[in-house]
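A single structure is presented below for examination.
Chains: A, B, C and D, in written order; residue numbering restarts at 1 for each.
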Amino acid sequence: MKIHEHQAKAIFGDAGIPIPEGRIASSAEEAGRAAAELGPPVAVKSQVLVGGRGKAGGIKIADTVDEAQAHAKAILGMEIKGLPVRKVLIEKTADIDRELYLSIALDRSIRAPLMLGSAMGGVDIEEVAKTQPEAIERVPIDPEFGLRPYTVWGALRRMMGDQDLAKQAVAIAAKLYGIFMDLDCSLVEINPLIVTGDGRVMALDAKINLDDNALFRHPQLEKLRDTDAEDPRERDAKESDLSFVALEGEIGCIVNGAGLAMATMDMVKHAGGEPANFLDVGGSSRPEKVLNAMRIILEDPAVRVILLNIFGGITRCDDIAKGLITAKDELGVEVPIVARLTGTNESDGRALLKSVGLESAATMEEAVGTAVKLAKGASA
Amino acid sequence: MKIHEHQAKAIFGDAGIPIPEGRIASSAEEAGRAAAELGPPVAVKSQVLVGGRGKAGGIKIADTVDEAQAHAKAILGMEIKGLPVRKVLIEKTADIDRELYLSIALDRSIRAPLMLGSAMGGVDIEEVAKTQPEAIERVPIDPEFGLRPYTVWGALRRMMGDQDLAKQAVAIAAKLYGIFMDLDCSLVEINPLIVTGDGRVMALDAKINLDDNALFRHPQLEKLRDTDAEDPRERDAKESDLSFVALEGEIGCIVNGAGLAMATMDMVKHAGGEPANFLDVGGSSRPEKVLNAMRIILEDPAVRVILLNIFGGITRCDDIAKGLITAKDELGVEVPIVARLTGTNESDGRALLKSVGLESAATMEEAVGTAVKLAKGASA
Amino acid sequence: MSILVNEGTKVCVQGITGRDGSFHAQQMKEYGTTVIGGTRPGKGGEIHEGFPVFDTVAEAKSAGANTSVIYVPVAGAVDAMYESIEAEMDLIVCITEGIPANDMVRVVDSLRGRPSKLVGPNCPGVITPGVAKVGIIPGSIATPGPVGVVSRSGTLTYEVVHALTSLGIGQSTCVGIGGDQVPGMNFIDTLTLFREDSATELVVIIGEIGGADEQIAADYVANELGKPAVAFVAGQTAPPGKRMGHAGAIISGGEGTAAEKIAAFQQAGIPVGKTPAEVAELAKAKLSG
Amino acid sequence: MSILVNEGTKVCVQGITGRDGSFHAQQMKEYGTTVIGGTRPGKGGEIHEGFPVFDTVAEAKSAGANTSVIYVPVAGAVDAMYESIEAEMDLIVCITEGIPANDMVRVVDSLRGRPSKLVGPNCPGVITPGVAKVGIIPGSIATPGPVGVVSRSGTLTYEVVHALTSLGIGQSTCVGIGGDQVPGMNFIDTLTLFREDSATELVVIIGEIGGADEQIAADYVANELGKPAVAFVAGQTAPPGKRMGHAGAIISGGEGTAAEKIAAFQQAGIPVGKTPAEVAELAKAKLSG
């Protein structure tokens, strides 16, 4: 889960990481009052959960209160990459001497957190990593010891180029690690980390991504969720305990297991079709999961055929078949259904489907082929 | 450092370990009011930092408010093993079905905490350990994992003899471990841990010993120090950064290093003398340490000779000699001084002593022999 | 021979009284696995559907268990892993999914200097066909033979194993390492065991989008494995920035795409199948070639 | 031969700019020890009294150091140990005293599965006479020879070593393991090294009141060491319940008395000297007997 800059900055502030003084505003009037309180010049920053706000015109500097209000009015009306801007952060501008980069993220290859730092901040760090890998300091954090001053001293001294600035950066890195661990983050990032004209190190931006699996123990963070940034069907699916990702195609897929679900999508594509979604019903095989899956998929008017691909292990084919039959009854499904059931309780499942006139394909290849043919026939 | 039962119980209570309701009182009147608030019968428990309060008459049950007041009056006038009783804890009595034992202590042999439990509580656990070792459950705690329910479940189930009681005991053990680690204890002990008539598990007594080396990070605990229980000279020595233990003999010892200090005492004893103290000036050799050491030793009128035994490593013999000379000047030392100086800057130190008429012994044996002879001569 | 699971495997089912634990204890036993019993604190001494119940893993170990399999809900799964690590079980298989990544960082770190191997979490487990299985892989689809299988996906493992068996190609051991970001054993840990296993002549690697484990595995196969391999990569049509079911299946910052992984395998001389059936055919060709 | 410290020892002095660190860096160097330099964060790149200063132990290691010695005040000493453990120094000697016991529990636990050996804290260090020393043991009192010394006390070590040298008996290596309750290497860890060391023909064990390490050591000598030993135990006149200087030197619950320890040594056939001089004589007799 992602949270907004102003929310991340509040967390930074509580942890003692220096941030510019700022106020959040939902209207131009509020923005004007905030600008007056802070004293111009101020930055007016759109709060949306996508990158590239600056390029999209979502960050403006205002030299007067009136200008701040005008910028806020313009920005609050914007959509950035499809997301409406509902709030702006009004912030005192900083006297920027240098822009740098600092982050901590979970690194899969070392199975531990990794601190990244760079003297090249305020730009796309992935681009820097590709073109100038030597410009990036990479410090693995041993989870047994955590991030201690000695862990990052060498890297941050090189990056900051100065003992006093390095000391400030070490303190910030330690606090960043504290946030990373305490809140179960997958990423905490400061881009840019700035050095001000008078030699202070400060977080000018703030990004925190949270581990969805850990949100259950951070109810106060769950409250920060911004549903604007979420597909309503994906949210609906999550509430039904389904993994779902909406796509652009016309073949609705219901599969058990994430890997098989991806492989099914891939095979649809190879066969000349387009998947309408990724959907994993998971390991449990309660019939209502299939019912919910059907309901969510059928909300998409582009769906012309439903492809059910089940390899039963922990999942039982008869449960799946029961769910499908219930869905047919309750939802009045009008598109054709292609089913393939293999594994645990396979024959029971197939018999159940046959009883309502649904033939099961023998293989995954056959099922995918039939689905693609039906989708093309339907659209022709 | 030891703290009082009522202080330990406050910590238990904050941690969620069930304790009897109670009030602390410094006078018979306060005790009476407390008994009235709680409602008799109540226990009136002397708060002193020694064991064996019960046998010494320091714990009484009162069936009425008047009786509580009378008991408090009697107990508040007592001395138990030389310590004055300044406070009593007034506590609601519990309906005791069984008395058990539970503690967590640092165990040197495993270099980790060890939980001890026994179904035989309310008695001297060291006695039980000697006579019925099989009656004691010993559970080492892996510091990487801490005390988790599975760690202690088996032992506590055997000890409690019942699933529900075991569950309560596991919860108490987990909280006890939390206290042990969070407050840097060397011992947390519940003796007795009781089972009440209605099946609740509760701490009827509470003992917490703190690691002196860790007190610097627990200033709130340092405030609980009861100086009544400390020898004033030992406290004085601690403030002067000296390790000092008062003994009954007549030879005052000043030594560098704890092991050598003990060995010096032992050798005095073997030679027929009696050491007046253990005193380790430690590794640093600032002259004022010797001055303070002399001052503290000379407060004891039984001291008839001073034995200085120094093997200089990090300690420098000339510094020691300077301190001794200053002490002679400032304190007007009347008892004879026997010195032995070896190691770092030995010749400088000896020369300094010689300049004020003090000969240095060649060996530790010689110095001890001379000191014992002088002490005997003086006492003859 | 085989890896991880063999004739000497003696299983303790953590969470044996739960729905999944109960069902799969039975399934494992029916497959021929020695199931010593299971744990459920507070129920020690009882018998659950024919299996002895212990309060703790330590007690199950005293009764002979050397392998744990965890069906405990997510709230207790981390403790369940620690319990088996502390009890020094040889093999720990964690089926439970949804465990916070930072918890797994600590669990994996705690294995340093300890004798246990951890497979999972969020995985289907391990099967040595014809001998024993630990986890939830359906026994019926597997058959003994020369192919080692290691996979980040559960059902995709079944597909590939089923396809292999359909072509008459058996498996030495199949290991589902799970789809989380921080797994216990990863591709390299597993391939290292397959390298030493004389019964394994060829390895099938089933990867998916996210991370760079497939690239690292490709490199290992090219330089260290000393045996042929074939591969499959799921998620060629996955959009970037979206988590595809598994916590670890996400293309982020343009990295971890299926295309990269397929290219890495091909550069290492490892054929990549487009479907599970094609993977089985590639394996057959390699074995007979 | 020797244990822990030898010709290849290259020292990094943690806290080299402090009073003690500075003094003993010089002392070690004068004794012939290779001192690569020391650490003081924020002073990296400077030269302190002829020694290069590094910001971190990792940098000192890159410059060749394989051994750390810690003179950092207590507030930073635990971090200093972790820093050297993370840098995987071969040997870490912590001189600092007054470290909380629970901190040491965690430090010692963190050594599991890592390559470093830790001596101390609250110890005088290690000397291999004629070769090198790490810590604060005065070099002048020691001379090369066949006796290994292991001790819980600093100055008592000096007394015994001095007495040995006075009798013409040299030492292979002298190890002061320190007087804390939770030390890094303990008697057994050190004796195990002496057992394997061909230069060590006899071991002197210097114990004191508190704990049961002497009893365990006596057992090890009787059953495992394969070499003769003599012993000394300080604290026969110590009253119970009082901490005698060292955090670990306390008789509690009637356990850990000098009498118990002396009895254990004697039962294991280890002569116990009444004074340091007598220990040296016992060693001499054993060696010539």
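One rule holds in what follows: a contact is a pair of C-beta atoms (placed from the backbone, for glycine too) under 8 Å apart; a residue touches a chain by one contact, two chains touch by 3 or more.
Quick caveat, the model's predicted, so the values are computed rather than measured.
Undergrad: How short can a path of touching chains from chain A to chain B be, counted in steps?
TA: 2
Undergrad: Between chain B and chain D, which partner chains are common?
TA: C
Undergrad: Please tell me whether A-C or A-D has the greater number of C-beta pairs in contact.
TA: Of the two interfaces, A-C and A-D, more C-beta pairs touch across A-C.
Undergrad: Using mean CA coordinates as chain centres, what's the gap between chain A and chain C in Å?
TA: Going by mean C-alpha positions, chain A sits 27 Å from chain C.
Undergrad: Taking each chain's centre as the mean position of its Cα atoms, how many Å separate chain B from chain C?
TA: 54
Undergrad: For chain C and chain D, what's the span in angstrom between their mean Cα positions?
TA: Centres of chain C and chain D (C-alpha means) sit 47 Å apart.
Undergrad: Could you say which residues in chain B touch two or more other chains, in rising order?
TA: Chain B, residues with two or more chain partners: 142, 144.
Undergrad: Multi-chain contacts in chain C: which residues touch at least two other chains?
TA: 112
Undergrad: Please classify the inter-chain touch graph. Allowed labels: line, ring, star, complete, other.
TA: Contact map by chain: other.
Undergrad: Name the touching chain pairs, would you?
TA: A-C, A-D, B-C, B-D, C-D
Undergrad: Could you list, by residue number, the parts of chain D that touch chain A in their complex?
TA: So the residues of chain D in touch with chain A come to 41-42, 44, 55-59, 79, 82-83, 85-86, 110.
Undergrad: For a test of understanding, state which residues of chain D touch chain C in their complex under the given definition.
TA: 112-114
Undergrad: Which residues of chain C touch chain A in the complex?
TA: The touching residues are 20, 24, 74, 97-106, 108-109, 112, 124, 136-138, 141, 151-159, 162, 179, 181-183, 186, 206, 208-213, 216, 232, 234-239, 242-249, 253-255, 258, 274-277.
Undergrad: Which residues of chain A touch chain C in their complex?
TA: 106, 108-109, 111-113, 126, 142-144, 181, 184, 186, 211-214, 217, 243, 245, 247, 255-263, 265-270, 275, 278, 280, 283, 311-314, 342-344, 363-365
Undergrad: Give every residue of chain B touching chain C within the complex, in rising order.
TA: By the definition above, chain B touches chain C via 142, 144-145, 148-151, 153-154, 157, 163, 166-167.
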